[in-house]
């Protein structure tokens, strides 16, 4: 998508600094602004899913609730993993910005791996819950739980796809200092997914249901 | 280009059409006799107060603002219009704005809306506040003090009304533990027509067994939705005996338009009489045709319909067989059937065999319905009855309950 | 950079443009060092540990303070990630405003919705 | 950082407008310029605007036919034109079509075409994403309507689709599935487009075009984009819950399992009420351009118009539950939402008076555009005032879900929105197509529409107060509904005649155009930048990007006030207008990938409903297209300036994740 900034970029022939920031009214990059605008929108999406769960969390229809089968120590570990992936993400950006392609690549891979561990944990958690009698269709609480955490999981997975794409681009030598901004934008997305989980971890898992 | 005269004429016409719309609204109330749902013809204290406090004042305010803006606009058009700019180099004064003016009309609108807010707060109690009123009702030879309350249950596409005299229910209890599909047994369960005593504020507890419906008797109060898994309070009151019409107003699926209801207001004495005759088990048939009809009912209809004294024992306290069909114990005491869309009796008081037979022959032809495989029927299915079975059933059903009074049959005639 | 001076266009009145001016260039030097990021991460980890610690009620019973403390810790973590890792501290305020608009709106409408179900009856 | 003199929009060296021509291996980008195929690959905001407009008008006819069917059914008691089943589908699809497939895309047409022109930009921030928005919207629109053929009929739950009636047990055909998935596809389109246009508005203004100098149309469209940005995720959540319930047996709306049907209503109306302003604000913007032009005065109280627009947009978030006054949500909520609803009337009233003040002392020339604009103000006032009458919650218990409400919102949406957009169509037609619409037929069009509209919806006020419920497929004799229903049906036929007149006008104007003098750049003596460039607009929009010194920049180029405050002409249009003969402007290259991405989404939709393998194919197509898009060279590096060769290549490669992010992940993982 940052490719689309090309209108601005290509039209602006006289400026040989070649950075599209020069081109815009606010001085901000189109792409970065677009990402922030989009993240503002995402707040409403996750807000809706979280609210649905909070409304329904005790509606079990006489069957097991998600809160009955939470494994807080386990989820704590995967939450911690996701939190630390934000660190590796920001280190990746830092490295790419400095022009250290190899370090950047390593940190990108580390971020993707930590994200993968988180997703693996989620898959394990889901299967464990189903075994304990909390499936997607069990009751309103379980439907809301799986939908919320599932949406988050899909967001993380897409983030991993993006990170891996950056990683491949980096392997081909195409991820240079010049387009550090692309890393930054993927990073913004990644951190957003992380802060959503910070919210979910506290509000859904840690705060007692009653 | 159209000439000025022609445009002015059209403009005038437009003005007239507007006036007509607004005036027509109030004029329409004049012909309330053939407009049973008219919201401008309140027939009880609640509706009257709602009308005079809530509806009319804000209409007048809106009308005043409308007239003001329209006059200003028409005057501006009339005064400032030009045919062409050709050859006209004169530009009017270029006013960009005027802050005091802007502040002025902002405040003006604010004040107007504060007035409207006042109207709202002033009229809110007319629909929200409830009074504690009790009346003595004799039930099963016992006199009880009854706080007039009716549990109203929406179904696709008919209304059920439940009366609890002996073990009164209240909103809080129903909200805490209630389930519209397994409500506690009631003294009287009827459908299509809700009977209430005049001069008493009747609390309604409104819920639904399937989708959202809305209970509305315009002459007696506004409407309230019937939401599954919720019990919502509402109230109505009629000043005089009479029949007040209603229509389900929340879209509730296929035959939404054919879900109607009436409220029958009776004097307290008549109400007691209605309680006496309606709280009993069904009458035992005597003549052979009706006995054959009971046979048919027991064989075919009991999976959905319930008649107390016939198949209520099968359902162990539940007076609603499947949750899908009206209780027929006192079928003949109601002057409409099939969700309030047909008359049980002709205007002369004879049984309306035409519609009853047609209904039993193929209900779907009169009121669309469908069946979801593995689910309940949505609406009454075609039971493939023979003409003999239909005749027998009618003989049986027409004997269930006391025939309503002549004035009521006349007043409930629906087309 | 020299060609970006706002004074060239005095009629240009957007605050975000002016505010942004000295911050946005060269992410390399405007942004904190890797070490700073690691320090933030350590703080985040510590808070998370504390959060998880609340779960083991047998050790310390937080009583009524539990929920407020959890929410406070959550907000701190949220804030740290947004301001440091997402660079809101260093970047144009416009970005933060776009995000905050969504956040505040979401908080507003959903809190009202949830309370309507519980309390506004 | 501030604007530099070296703007991106400045002309580079070169000889003519040209497109990338050198093929680049396997990912050759399509070449621009010729034939119908170019419409499929266009990334030009003007062409996309025209595509939006044309498709929207097509769906206006579809929705209009549905409206006619409704009115024919209701013309007389016990109507038998449609069965109850078909009626429910038709009225549902009428609402969905008019809202999502007509007014929103027509407003999007204006937004696409005129935001860049009014702020002095060459295109939107992300041209390919812009194309993507349109194609996704179109694929969603087609998907939604294929429900008639393959889904066992249209959705039959009303456009509001309240739970639990939207459940499988109560709506067993696939119509509601198509509704749930179709609206999500449309939502992605609007969301992508809103991000794009917000960035465009904030980031691509010409030098000197500060926010408070932006034309009011652009302002209202910008507010609309923010409303879309924040409202769409909410309906997306609701639609996902509905879809999961229907297709995967989730329990979100199953009351037997303890679910609360009011959850849907809250989510729907948190979206649905801002949606009302999404519909009406663009029309307010159009009216705010047309009335000043034909009053020969600047808009009265520009700042107040802008801030009242913002206030409406903002307050629109706090009133949603006024759609639920009788739902039983509780008296405190009812009172609170009733109060908040009332005060949204304040900024709206301010707008109306400012329009009148603009006409005050002006020289009003009643072109067809001006007639539509003034009618918009008048009709919207009626709709607004009837809205005030049922903001009083207790009064609303008598009025909600009756034809009074139908009358109210048609006065707002048709009387305000549609008439306003028609004003815009007549006003900007010469700018877009280079010839006028016929004013004489236009007059007929205007008066038939206005009369037909009032005859259709005016009587509905009365019907509603007489107690006629909404959404009923038939009514019995004896309730006093006969006369006004017949009147409304006749009114609808008159509207239909007006629409036919409009179609005839479009055809005849085009046929006559060669024999008539061209309108030139500035046929109406306009005020904003789009009138400073040739009609139709050249592909590159501006030869040189204007330096903006104040509001109504173009008008001030032509006129000034002398010492006595009199307006004198300082430049003729011929002197001041750009010629459109720029050279060497480099334009973004067209691309087929947005279309390809958009084709994948309905396949996913059909797959979810009928067979998951099909969804897999659709998903693969979408993903493959997204990657192809990302890998596609952003442009031919040799075209116009080669110093960016390295840059564009890298950008393309590195870009793909972000592209994937913004276009798919937002709502549709």
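Some observations on this one:
In order of appearance the chains are A, B, C and D, and numbering begins at 1 in each one.
In this section, a residue touches a chain if its C-beta (ideal position, glycine included) is under 8 Å from a C-beta of that chain, and two chains touch if they have at least 3 such contacts.
In this text, all values refer to a predicted model and were calculated from it rather than measured experimentally.
The interface with the greater number of C-beta contacts, when B-D is set against A-C, is B-D.
The distance from the centre of subunit B to the centre of subunit D, each centre being the mean of the chain's C-alpha atoms, comes to 38 Å. Averaging C-alpha coordinates per chain places the centre of subunit A 15 Å away from that of subunit C. Distance between subunit A and subunit D, defined via averaged C-alpha coordinates, is recorded as 31 Å.
Counting partner chains per residue, subunit A shows two or more touched chains at residues 21-22, 25-28, 33, 37, 40-42, 44, 48, 55.
Those residues of subunit D in touch with two or more other chains are numbered 1-4, 6, 202, 229-230, 234, 256, 258-260, 262-263, 267, 331. The residues of subunit C that reach two or more other chains are 3-4, 14, 17, 20-21, 24-25, 94, 101-102, 105, 109, 113, 117, listed in rising order. Here the chains touching each other pair up as A-C, A-D, B-D, C-D. Those residues of subunit C that touch subunit D in the complex are listed here as 3-6, 8-9, 11-14, 17-18, 20-21, 24-25, 94, 101-102, 105, 108-109, 112-113, 116-117, 119-121. Touching subunit D in their complex are the following residues of subunit B: 1-2, 7, 10, 13-14, 17-18, 20-22, 24-25, 28-29, 31, 34-40, 50-51, 53-55, 58-59, 61-62, 65-66, 69-70, 72-73, 76-77, 80-85, 88-89, 91-98, 101-102, 105-106, 109-110, 112-113, 116-117, 119-121, 123-124, 126-128, 156, 181, 206, 210-212, 214, 216, 218, 221-225, 227-230, 232-233, 245, 247-258, 341, 368, 370, 372, 375-376, 378, 414-415.
Those residues of subunit D whose C-beta lies close enough to touch subunit A in the complex are 1-4, 6-10, 12-13, 122-129, 191, 194-196, 198-199, 202-205, 209, 229-234, 236-238, 240-241, 244-245, 248-252, 254, 256-260, 263, 267, 585-588, 630, 634-635, 640-641, 643-644, 646-667, 669. Interface of subunit A with subunit D (complex): residues 1-16, 18, 20-28, 30-31, 33-35, 37-38, 40-42, 44-45, 48-49, 52, 55-56, 59-61, 136-140, 142-144, 147, 151, 154-155, 157-158, 161-163, 165-166, 169, 172, 174-176, 178-179, 182-183, 185-186, 189. Across the complex, subunit C is touched by residues 1-6, 202, 207-208, 210-212, 226, 229-230, 234, 260, 262-263, 266-267, 270, 317-318, 320-321, 329-333, 336, 549 of subunit D.
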